[in-house]
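Both of the next two complexes hold subunit A, though its partner changes from subunit B to subunit C.
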Partner chain A sequence: MGPLIPNGIIPEDWNYIIAIFIGFAFGYILEASGFSSSRKLAGVFYGYDFAVLKVFFTSAVVAVIGLYYMDYLNWVDISRLYVHPTYLWAAILGGMVMGVGFLAGGFCPGTSLCAVAIGKVDGIVFTIGLVIGIFIFSESFSALEPLFERSNLGHITLVDSFNLSPYLIVLVFTIIAVVAFYFSDWVRTKVKKVFY
Partner chain B sequence: MEKYKQKNRHVYWNPYFGGFLLGLLIIFTFYMTGRGLGASGALKSGVVTVVHTIAPEHAENNLYYSKFIKEGESPMNNWLVFEALGVLLGAFLSGAFNNRLGFRVQHSPNITSRRRLIFALSGGVLFGIGAQIARGCTSGAALSGMAVLSTGGFITMLSIFGTGYLVSYFFRKNWI
Partner chain C sequence: MSKSYKLKKVIVKTEYKFLAIILVLLAAGLVLLPKYEKHEGINPEILLGNAVSSERYISTDELAEKIINQDPSFLLIDVRDEESYAKYSIPNSINIPLAKLLEEDSESYLNQDEFDVVLYSNDNFYANQAWLLCNRLEFKNIRVLNGGVNAWYSTIINPTKPTENQAVVDFDLYTFRKAASMYFGVSYLDQVTSPTKKKTPKKVVTVKKKKKKVAEGGC
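Right after this comes the complex of A and B.
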C-alpha cells in the first residue's frame, strides 16, 4: 500500500531518480500549457486568458478525487501523506506578499524555472529576484520569526476545519471549480482581447 | 513548415488536458513519495548552500539557515533540488519541440524591456520572501496542499489570488 517509498515498498535509493522524472514531467506539462509566458499567466487577473485558473483547479480536483479514491480502494493510506501545516497568519500574509510579487513579476517559482529553461530573460531576472528574496528573509529571520511561528494549527485539513466528510468537501470543491470554469469563459467573452 | 512553426509558437495545450495530466502527476508523486510537488524549496537549498560555504559560522548561528544544515551533508542533497533539475530539463524539451527557445524579454508593447525587468526583479524578491513566510509557494503550499485538502494550502491559494485581483489595477499597464 502507498505511499510506496515511505512504506519501504520501493527502496529509498530510488527517491532522487524518481524526483528527476517527476520534475521532468512537471516542467514539461507547465511549459506545454504555456506557463513559461508571463503574459499568459497574468491573463487570469485581467480576464484575457484563464489558463492558470483552468490548469490549476483541474489538477487540484483530479488530484484530490484520485487520492481519496485510492484511499477508498486501500491503495494509499491518505493519513500517511504529508499535509502542508497551517500557520494561519503566515499563510495569509505570505500569500499576500506572493500575490503582489505575482502581479509585479508575472511568474511564480515553478513557472519562472520553466521560463529560465527556454531562455526567457524576464524569467531569469525573476529567479534571481527569488534568490535575493529568500536571502533577505533568512537574514531578517530573527525579526520575522514571531510571525513565522505564530498561530500554528498543525497539519490540519478542511475535514478538521469544517468537521465534514471529506467526500462532501471534494464534491463541493469540484462544483466550485466547474462553476469557475464556466464563469471564466463568460468573462472572457466580455473582455477586450489581448494578443501576446 | 518554418512559417507553420512560427505561427504555432504560442499554441499551447488545452488547459484542461494540461491540468488533467498535472493532477495525475500529483497523485503519482504522493503515491510514490508521500509528499507533493515543490519549486521554491530548491532555490532555498541553493541559498543555504552558498551562504554556508561562504560564511559557515554565520549560517550556523542563523536560526533559519541552521534548520536546513545537517552535519556532513550538503543542503543540495535534497529531493526538491533533484525535482527542480527535472523541471528545467522537461521545460527545455517542451520549449525545444515547440520552437520556443531563445533569449528574449517578453513584455507588453506599452512598456520597455527595462521596465519589465525591473518589475520582474522586484516581483521575484517579493515572491521569494512570501514563499518563505508561507512555508511554500504556489506549487508546494497551494497546489500540493489543496490536493490533500490542507487548510493552509487553501488559505495560501485564496490569499495569493485574492491579493492578485486586489492589486491588479495598479499593475495593469504592464500587462494590458
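Right after this comes the complex of A and C.
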C-alpha cells in the first residue's frame, strides 16, 4: 500500500501541506521535551541531562521497528522510501563542525528555531549565526565540492554496508539504544546535579 | 524523602524498564518472524487489470491502418523464431524471438516510453506469453496483435468477400481490407488494367518493403 504519496494514494500536491503539519508536530514535540533550552541540550555533553539522547534515540528505534513491521505486513514498501545519500568524509567533517557549534551555541538547527518561536534571545542570535554560516558554506561550496563528490557512497544504509539481515541490525540497534539509556542514567548519577 | 515519593520513583523506574523490554522484544520479534519471499515486480491486481483490458489487443485492421498511414508511434515486434520471420513477416516488423525476449539487446526495444509496442506471433499464443513476461517486468504500452499472422493473412491479405445479404458496414470493411491488401502488394483481377487477355490468377504477393526502420527506443 504505502508509501502513500509515491504510490499515488495521496496526490503529490499534498506533499508540502503534510510536510507543514509534520513540521508543526515536530516543533511541538521539541518544545514539549524542553529542547528550546540550550542548557538542556548542552547537558548531554556535560553529563547532567540526557533527554536529547533519549528522545531522539527512542524515536529512531520506534520508527525503525514500526517501519519494518509495516514492511513485513506489506503496508509500506521499505525499498521505495527515500534514503539520503551518504557523503562519508563530508559528513564526518560537517559533523565535527556542527558538534563544535552545538556545544558553543547550545542549539542544533531545529531547536534553535524552536527557541526563536518562544522568543528566546540566545535562540535568535544563534539563528542569525546559522544563516551567516549557511551563506559562507554556500559561497565556498565550489571549493568544497571535490570533497563531496569523492566521498559520495550513494543511497546506502547499514544493510548494504554490512550485508546483514535488516532485522538483525534493528535488534542490535535497539539493544544499543537500551544500553545507552541505562549508561546515560548511570552517568547522570555520577555527575553533580545542575538545576536550571 | 516521603514514602509516596519513593513509591513514585520505583514506579517510574520499573515503567521505563518495562518499555525497554517491550522495545527489545519487538525488535527480537522481527528477527524471529518467519521469512517469506516477497513478490517482486508488478502488483497482481494491476497485472490482472492489464490482462482483461481491451487495450491489450490491437486488431489487424487497426494495425494495417497504422502501417499505411506510416504512423511513427509504434514498434512492431515479431516474437516467432528467425526462420518463420525470414519466411514471412508483417512489413516493418523487428524480430525478437520469444527465447531472446529477456536479453539485454531486446530490452531497449521493449522497455521504453516512446513507442507503443505491438507483439505478434502466428496466433495469439507466443505473443501473449511475451506480453505477460513484459508486463511482469512492468514494461509500458505493450499490446498484442489479435490473431497474429494468421488473422493478418485472413483479414488483410486475403479478405473474404461479404455475401449480398450482409450489412453495409461489412462491405465497407471489405473495401478497406481490399485496399489495404493492395497496399501490401496483392493484385486483384478486376483491378488489373493491362491489355493482355491472359487470365492472371489471383495471386498473393508478399512485399518486403525496405522502408527505413523505426528508430531504436530506449536510453
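Keep in mind that, in the parts below, the second predicted complex is superposed on the first by the 196 of 196 C-alpha atoms of A that agree within 3 Å, B and C clash if a C-alpha of one lies under 4 Å from a C-alpha of the other, contacts with A are read in each partner's own complex, and residues count from 1 in each chain.
By our rule, a contact is a pair of C-beta atoms (placed from the backbone, for glycine too) under 8 Å apart; a residue touches a chain by one contact, two chains touch by 3 or more.
Keep in mind that this is a model prediction, so the values were computed, not measured.
Trainee: Give one of first, second, both or neither to describe whether A:Tyr167 is in contact with subunit B, with subunit C, with both, or with none.
Mentor: In the superposed model, A:Tyr167 contacts subunit C only, not subunit B.
Trainee: If we overlay the two complexes on their shared chain A, which of subunit B and subunit C does A:Ala143 touch? Say first, second, both or neither.
Mentor: In the superposition, A:Ala143 contacts neither subunit B nor subunit C.
Trainee: Mind working out whether A:Leu73 is in touch with subunit B, subunit C, both or neither, as first, second, both or neither?
Mentor: In the superposition, A:Leu73 touches no partner, neither subunit B nor subunit C.
Trainee: Applying the document's definition of touch, where does A:Val61 land relative to subunit B and subunit C: first, second, both, or neither?
Mentor: Touch status of A:Val61: both partners.
Trainee: For A:Val178, select first, second, both or neither according to whether it touches subunit B, subunit C, the two together, or no partner.
Mentor: A:Val178 sits against subunit C, while subunit B stays out of touch.
Trainee: Could you give the residue numbers on subunit A that contact subunit B in one complex and subunit C in the other?
Mentor: Shared contact residues on subunit A (touching subunit B in one complex, subunit C in the other): 61-62, 170.
Trainee: In their shared complex, at which residues does subunit B touch subunit A?
Mentor: Within the complex, subunit B contacts subunit A at residues 10, 12-13, 15-16, 18-37, 39-40, 43-44, 46-48, 51, 62-65, 79-80, 82-95, 98, 100-108, 113, 116-117, 119-141, 143-168, 170-172, 174-176.
Trainee: Okay, in this complex, where on subunit C does subunit A touch?
Mentor: Within the complex, subunit C touches subunit A at residues 16, 20, 23-24, 26-28, 30-31, 33.
Trainee: With touch defined as at the start, can you tell me which subunit A residues reach subunit C in the complex?
Mentor: Against subunit C, subunit A makes touches at 61-62, 65, 68-69, 72, 165, 167-168, 170-171, 173-175, 177-178, 181-182.
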